[in-house]
Amino acid sequence: MNYLLSWIIWLPILGMVTIAFIPRDKSELIKQVAAIVSGIQLLLTIYLWRIFDQSVGTFQFMERAEWIPSFNITYILGVDGLSFPMVFLMALIGFIGVFVSWNIDKAVKGYFSLFLLLNTGVMGVFLALDFFLFYIFWEVMLLPMYFLIGIWGGPQREYAAIKFFLYTLAGSVLMLIAILALYFTCGKTFDMLVLMETAPVALNGMLWWGMSAIKVIWVLLFIGFAIKVPVFPFHTWLPLAHVEAPTAISVILAGVLLKLGIYGMLRINYTMLPDGVFWFAGALAVLGLINVIWGAMCALAQKDLKKLVAYSSVNHMGYTLIGMAAVIAASTMNGDNLISAQAGMGGAVFQMFNHGTISAMLFILVGVIYDRAHHRDIDGFGGLAAQMPIYTAFVAVAFFAGLGLPGFSGFISEAMIFIGAFPVFKTIVIISTLGILLNAAYFLWAFQRIFFGPANEKYNDLPEINTRELFTVVPLAVITLILGIYPRPFLDMISATLNVLIDSVVSLGGFTSAF
Amino acid sequence: MSNFNSLAYYWPELILTVTILVAVIADLCYRREQSINVAWWVLGGLALTLFAVRMGGSSVSPLFMGMVASDPFSDFFKVLILLSTALVILMSFNSNELKDYRVGEYFSILSILSFGLFLMVSAIDILMVYLAIEIVSIMSFFLAGYLKKNPHSNEASLKYVIYGAFSSGIMLYGLSILFGLTGTTKFFEMQNAISSLGSDSNLALILSVVFILVGFGYKISAVPFHFWTPDVYEGSPTTITAYLSVAPKAAGFALLIRFFNQVFGDGTAMTSESWMAVNNLPWPELMAVLAAATMTVGNLVAIQQNSVKRMLAYSSIAHAGYMMMALPLMSQSGVYGIMIYLVVYLFMNLGAFFVLIYVQSEVGGETFNDFDSLGWKMPFIGILMTLFMVSLTGLPPTAGFIGKFYIFASVIEAGSQYYWLAFVGALNSVVSLYYYIRVVKHMYLIGERSESIGLPSSNLVTLVLIVLAIPTFIFGWYFGPLTDWVNQSFVIYQGM
Amino acid sequence: MIASNTITLFCLLILFLPLVAFVINIFIGKRLPREGDWVSVGAILITLLLSLILLISMFINGDPNFSHETVLPWIDLGAFKIDLGIWVDNITVVMLVVVALISSMTHLFSIEYMKGDIRYNRYYAYLGLFTFSMNGIVLANNLMSLYIFWELVGVSSYLLIGHWFEKHSAADASKKAFLTNRVGDIGFFIGIMLMFTAINSFNFQDLFDGVNQGLMAGNLLTLAGIALFMGAVGKSSQFPLHIWLPDAMEGPTPVSALMHAATMVAAGVYLTVRLFPLFSPEALTVIAYVGGFTALFAATIAITQNDIKKVLAYSTVSQLGYMILAVGVGNYVAAFFHLLTHAMFKACLFYGSGSVIHAMHHSLHDINDHDTDPQDMRNMGGFNSKMPITYWTMAIATLAISGVPLFSGFLSKDAILAGTLSFVEHHPEHLLLAIFGFGAAAITGFYMFRLIFMTFHGKPKMPAVFKGIHESPKLMTYPLILLAGLSFFLFYTLPYFNPFSDHGWFTDLIKAKDSAVPGSLTAAEIYEGVHHAHYPAMALSLIVASLGIGLSYLFYFKQKFSAKSWSKRMGFLYKLSLNKYFFDENYNRFLYQPFLKLSRAVAYLDWDLYDKYFINGFGRVTRIFSKLTGRMDYDGLDQILVDGIGRSMQGLGKRLKQTQTGRLQNYMLFALIGVIVILVFQTI
Amino acid sequence: MDSLNNYLFVSVILFSLGLFGVITRRNGVAVLMGVELILNAANLNFLAFARFGGMNMAGHVYALFVIVLAAAEAAVALAIIINIFNNYKTINIDEVSELKQ
C-alpha cells in the first residue's frame, strides 16, 4: 500500500464521518463502526510492523505532498523505530478503548466521533514529519479531549476539562513560537528532516537578548512537551484530569497522550538542538528524579485509587526523563560511553511503551471496580480478593507490573534506565532507586487495603470481571508479560533508530561550540 | 489622474452610489411592512459592486488628483467590506430587534456606510482620510441608535457620537499639525517632506502622531481609546455590532497600514521586505506597546463578562490587539499577516455574532446562561458555535489558527527584539480560551441533555451560517487559496 | 560424565518444570482432579530426580573445577548487551539438590497440611513459582538474571506469606517482607550498577576478571561490595533488615520450612558465596560484623519467644548470621557447608513444628476452641508420648543445630568457628567476632533445648487439648524422618567416617576460589589458617554448646531454676529480648510514620497548595484583590479559575473592568490620560 | 502680531478649552460645543499654516470640508440627544450610563 501511513491516520476520520450519518438512536451500530474502524487501524499497524525494516534507522514509508508551497508547508509522513511503537500503542489502545467505553450510554454518537477524532490527532503527531503538520495534529487532540472529559467525566469534569485544555494550550503556544523561531532561523522550512540538519548549524552561536538561541528554543519546546509528560512542576492537571475523565479516556490519556511529550522531546529537541541536550541533560535528570520521588510520595498518600494510579504515572514518566538524559554519556567528554547511552535511551523509549500498556491496564481495572462499587475510595473496600479472585489476579498483575517486577516489561525498561544513567548521574540515580521502593510501597499498600483482610459484607454480590472487560485487559497483560520475558522484538525494532538518534545528538552536539 | 479620467477606474464606487440612491428611492415606494424589501435592492447593488471590483483589474493609480488610490490592496478590502455588508444584511432579516422599526432606511444607511469604508481603504490624502472617517462615523452613529425606543441603543449612539466626534477632533488637530510641518495633504509628499525635516521637529511630529493615533485607535478600538467599544457594541442592534466589529475595523487597519507606513515609513515601505520608521520616529515601539496592552485588556476584561454579546465586544478589542502586533514590524509579511487575519476574522466573528443573533431570537437572551445545553437542543447551532469559538481562540484546524499563525510568524520573522510581543500574544490567546470555551461549556457541559432536536427555523439563517462556517473550517487546513488571494492583492500604490 | 548439552537441558528442565506447574495450576488448577496438586508434586519430583542425577554425575566426575556455562542473548542494542545464561558448577549442583529436595518435601508435606484449604491450587502454583525463581537464582551466571530471580523469589514469598490474606496480620507480614526486601534490593541494584559501570558486564566471570585486572579497586570496590551485600542483608534477614522474617511466619508452616528457613533466606548467603571473589577485605569485614552481630543478636531474642515458630524464625536469623560471618572471615566454603546442613535440620525443625501445630490445631478444633493460640509453647508440654516420630526427629535436628558431635551441624558450625578463630588470630582487633560466634553457639543450645523441653516434656499445660493430640499422617512424618536422617554427620563426610572432621566429598569437591581482589589472601592461605584453628575451635564450641544445653536442661527440664523468677530478675533485658529490642516499634515510629506523614504533606502541598495557588505570591495578591473589589461573584467560570495565575488574571480583569464605568466622560478622560502618558514616554 | 505663532497660540487655547469642555460639562449639548471648539482649533491651524507657510489652497479647502462635516456631525448628534431626552428625560450625559462594565 502506498499511502499506508495516511490510511492509518485518516481512517478514524472516515469512521467519524460514517458515524455522523448513523441515526443517533442506533447506538449499537455506532459502537460497532467505531470498533471496526479501530480494528482495521490496528490491523494496518500490524501489517506495517510486518513490512517495517528494522535494520534501517531512518524514516520509512515516507509520504510527501505539496500543501502550502508559499509558506513551505508540506504534508510529510514517515515512520521510524521511535514512532512505530507509539503508533502501535495508539492503535492498540484506541481499539481497546472502544470496548472499554462500550457502556457509555450518554450521547453515544458524539462520544465515539470525538474518540475517533482524538485517535487521528494522536496518530498524526506520531507520524508527521512536517513541523506545521505536527503542530496541527498536536492541537487537534485538545478539543476532543476537552469534550470527552467535560461531558462524560466525573463530578468535577468541567473544572478538569478546562484545566487540561488551558495547561496544554499554554504549553503549545510556546511551542508554536519555538517552531516559528526555528523556521525563520533555519532556512524557512517546516520539514523536520531538513531542520534536523540545518538547525544545529544555523543556531550555533546565535544570541537573543544575550541568551543563546538554542537555550531559548529548547526551553520553549521543553515547556510545551513537559506539560504533556507531565514533568514536575507542570503536572497538576494530570491527577485531576485522570480522576474526572471516563475510563477509556483515562486509558488513552495515560497510555498514549503522556508519551507525546517524551516523543516530542526525542524527535525534536534531541535532533534539532543537540547542543541543548548537553546543556539541559542535568536538569532533565533532576526533574526526572523529582517526578519519581514526588509522584511516588503523592501516590502513597492518596485515598482515591484513580488518583493513586494517576500519580504513579507522574512517577513512571520520571524514569523516562532520567533515561533520556543518559544520552550524553556517549559524548567524548563523558568517555564515549555508548553502552550507557544506549541503555538509557533504549530504556526511556521502552519505558514509554511499557507505561502505555501498564497504566492503560491499571486504569481499565480501576474503571472495572468503579463501575461496580461506584466509588474508588481505597479504604472503602477490603477483602475483595475472596469475592473477585480473577479481578484480583489481574490487579495483582497490573500492580506488580507497575512496581517494576522482573518478568514484566516495566522492570527491563527501568533497569535499563538506571544502568544507563548511572555513569553520568550517580547521585540522582541512587536517590531515584528509592523510587522503586516507594513504587512497591504504594502499590502493595493499596493492594492490601483493597483486596486483603476479612471479606467486606457490603460487596458480597459484586459481580466478577466480565468477558468484555477481560478482553480489554488481557492483550495488555500479555504484551507486558511477553516483552518482560523476551524484550528483543521491541528493542530490535527501536535499536537502529536509537543508534542514529544517539549518534546525531553526540556528533552534532558539543558543549563548547554553541555557548 | 484628472477627475474625469478617474471615473473610468471608479466603477465600484459609482455603482455603490447608484445603489444608495436606488435604495433611498425604493424605500420611499414601499409601505412600512414591506420596507424590508429594500434589502434586496441593496444586495443586488452590492453584488454588482463586487463584480465591478473584481473586474477592475490590477491597475495601480491615483484617482481624482491624488485623493484616492486604485490598487489591488484597496480592492481586497473592498471585497471584505462588501462581503460583510451583504452578510449582515442577510442576517438582518432574522433579527428580532429590528422588527418594530421601519428598516428601509437601515439598509440604505448600511450602503452609505460601505461607501465611506471604500473611501477609507483607498484614501491617500489626509483630507480624504478625515472625510471618510466622518462618513463612516456618522452612519455608524445612526445605526447604533437605530432602535429609537430602546434606551440602551440610544445611550450607545450618544456615547458613540460624542466619543467619535471627540477623537476625530483630536485627530484633526494632529493632522493640522502634520499639515503645518509638511505643507501638503498628500501621503507621499508628506513622507518626502518629513524625511527632509531635521530632528528638531521630532517633538511636533510625535505630538501629531499621537493625536492621529487617537482617531485611528478609536476606529480599531485600541487601548486606551477602546472605552466606547463595549458600551456601544452592547447597546447597538446585534447585527450592527457584528458589522461594526468587522468592516470598519478592517477599513481602519487598511488606513493604518497605508498611512503609517507610507507617511511615517522610510520611503521604501511595501516595496522592500522590511523598512524603517522615518527619522527613527519611535512610533513602532509605541504601536507594539499599544498592541500588547490592547489584547491584554480585551482578554482580561472579556473573562469577566456575563453577556456573550459584551464578551464578544471585548474579544474584538483583543483581536485588534493581535493584528496590531504586526504593525510595528514594518515588514511585508506583517501586513500580509494582518490581511489574512482580517479575512478569517470576518468569517469567524460574523459567525459568532450571527449565532448570537439566532440564539437571541430563539431563546430570548444573550447571556451565557441562555446558551445552557444549547448544543444538545440545537446540534447544528452548537457545532457551528463551537467551531467559531475554537476559531476565535485560534486553535487548529480552524481558520483562526491560520490568522494567528501568520501574525506570529511575521512577529518572529522580524527578529528577536519583538519576541516578547509574540509571548504576550501567545499567552493572551491562552487566556482567550477561558471565555470562548465558556460558551462551549454552557452549550454542552451545563444543563441537561435534551432528547428533542431543533433545527434552525429559517433556511436563510442556515445558509448564512454555513457560508461562514465553511471557510472558517476549510481555511484552517487548506489556506493556499487564501494566501494566494492575499498575495495577489498585495500591490499598493506607491506614489508617483 | 554427562554431555554438555544434556547438562544444559537438565538445568533448563529443572528451571522450567516448576514454572509449568505454576502456569497449569494458576489457570486450570481448580478444575483439575485433586485441584492439581499432583501436577506440582510430579513436576518437583522430576526436578529432584534430575538434580540428583546431576549430583551423582558430579560425584562420578569428581572434578572440583567443573564448570559449565550457557548463554542466551537477551538484549542487544549494539553496544549495550545483556546475555542471560546458566552457570553450573559443583556449588550449583549441591544447591539445586537442596532446593529440589526441600521443595519436594514441602510439596509432599503440604498435601496433608494444606488439605481442605480454599486456595489449595494456588498454594501449589505459588510453590512452583518459588521453586522456579529459586532455581533461577542458583543457576544464574550473571548479576542481571540473578536480580530478576531475586525479585521473583520475593514475590513468591509475598504471595505465600499472604496466602491467608483474610488475616490482617498475614497481609501486613507479606507486605512487610516484600518492602523490607526491596530496601536491600535497592542496595543490591546500586551494587550491580557500580559493577556494570566499571566493568561493562553482568557476567560473574567477567566481573571476577575485571576486578582482578583492577578495573575496579579501592573504596569503590568496597562500596560496590557492601552494596551488593545489601541484597543479602535483605533476603537473608540480617540486621538491621531482619524484621520481616519472624513476621513471615504468618505463612503456612511448610512454606516457612521451605523458604524462610532452608532455601530462600539462604539465597543471600548463596549470593555472597557466589560473589565472594569480588569482595574487598574491607567489605568482608563489614560483612563479618553484620553476620556475627546478627547471629548473637537474633539468638538473644529467640531465648524469650513463646511462639514455637518465632523461636525457629529467630534461630534461622541467627544461623544465617553465622553463614554470613563465615563469608566475612573468608571461609566461604564453610558458609556454604552450613547452608547445606542447616537447610536439612532447620527444615526438619520447621516440619516438626508444623506437625505439632497441625496436631494442636486439629485438637483445638475438635474441642471448639478458637481462641487458644496453637503455636504458643506455653499451651503444650509432654507431647513426646503422643507424637514420637515428631519428637525424635525434632530432637535429632535440635542436636544438630546445637552443634553436638555426630551431627551435621557440629561439622559446619565448627568450620565456621574455626574460620572465625583463625581470622581473629590474624586480626586480634576483631576479637568481637569470635565473641559473637561462640556466644551465639552457647545461646543456640539453650533456646533450642528450651523449645524441645517446653513442647515435648513436662506436664501438659492444657490437658483438654492434650487429649486430642496425635501423631501426624505419614505424608507429614516421612519428610521428617528423611531430613532427620540427613542431619547425621555421615552424609557429609562420605567416604570418610571421622565425626570430628568435615573432611569428605564436600570439602573435596567444593573448593574455595581465590579472591579476585588483588592483594587478598588466597584460598589456600585461608584454608591453612582454618586448619590451624580447627582443634581449639572445636574444644571451645563443645564447651559453650554443652553450657547452653546444660542450662536449658536445668531450667526447663529439671526446673531447678524458675524461668519466671529469672526473667523477673533480668527485668529490663528480658523485656528487650521479648519485644525484639523494640525494632518494629522504633522503625514504625521513626521511619514509617514520619515518612507517611511526609508523603501526606507532599500530597497536600501538591494538590491543595501548589495546585490551588500556582505560586503562593499570586494567591496572596489575588486575595488582596478580592478584598479590594469586595464583590467577587464567582459563577461557573470563576470557579474554574482557581489557579493562582487564573485568579490574578481575574483580579486584574476585575480591576480593568472597573475602568468601564459607563460614564462617557470618564472614557474620554482615560483616553486623554493615555495620550498624555504616551506623550510623556515618547518624548523622554 | 501677525505671525504664525499667535494663531497657533490661539488655536492651542481653543483646543484646550474644547477638551476641558468635553471632559467637564455634564450637558450633552455643551459637550458637543466643546467638540466644535476642538474642530475649530484645528481649522484655525489649517488656515494659519496655509497662510503663513506660503503654501497652496489645500488648507483652505480642508477647513471648508471640516466646517461642513462638523455641521453634519452636529446635526446627527443633536438628533441623538433629542432621542435621549425622549427616553431619559434628561440630557445630562452622566445619567446616561446604564451600559457599563
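We just call them A, B, C and D in the order they show up, numbering each chain from 1.
Keep in mind that, in the parts below, contacts are C-beta pairs under 8 Å (C-beta built on N, C-alpha and C of every residue); 3 or more make two chains touch, one makes a residue touch a chain.
These numbers were taken from a predicted model, which means no experiment stands behind them.
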The chain pair with the larger count of contacting C-beta pairs, comparing A-B against C-D, is A-B
Centroid check, CA-based, most central chain -> A
Taking each chain's mean CA coordinate, subunit A and subunit B are separated, in whole Å, by 43
When centres are defined as mean Cα positions, the distance from subunit C to subunit D in whole Å is 95
Expressed in whole Å, how far the mean CA point of subunit B lies from that of subunit D is 26
Distance in whole angstrom between the CA centres of subunit A and subunit C is 36
Note: subunit C residues in touch with at least two other chains are 636, 640, 646, 657, 660, 662, 664, 668
Multi-partner residues in subunit B (2 or more other chains touched) are 158-159, 162, 166, 170, 230-231, 304, 434, 441, 446
Where subunit A touches two or more other chains at once, the residues are 158, 162, 166
Touching pairs of chains in this structure are A-B, A-C, B-C, B-D, C-D
Contacts from subunit B onto subunit D in the complex sit at residues 126-127, 130-131, 134, 137-138, 141-142, 145, 148-149, 151-152, 154-159, 161-162, 165-166, 169-170, 172-173, 175-177, 179-180, 183-185, 230-231, 234-235, 304
In their shared complex, subunit C is touched by residues of subunit B numbered 158-159, 162-163, 166-167, 170, 203, 206-207, 210-211, 213-214, 223-225, 227-228, 230-231, 282, 286, 297, 300-304, 306, 368, 431, 434-435, 438, 441-442, 446
Subunit C residues touching subunit D in their complex are 657-658, 660-665, 668-669, 672
Per the touch rule, the subunit C residues reaching subunit B in their complex are 635-637, 640-641, 646, 649-650, 652-654, 656-657, 659-660, 662, 664, 666-668, 670-671, 673-675, 678-679, 682-683
In the complex, subunit C touches subunit A at residues 26, 74-80, 144, 147-149, 151-152, 155, 158, 162, 165-166, 168, 170-172, 174-175, 178-179, 182-183, 185-186, 189-190, 192-194, 196-197, 200, 596, 598-600, 602-604, 606-607, 610-611, 636, 639-640, 642-643, 646
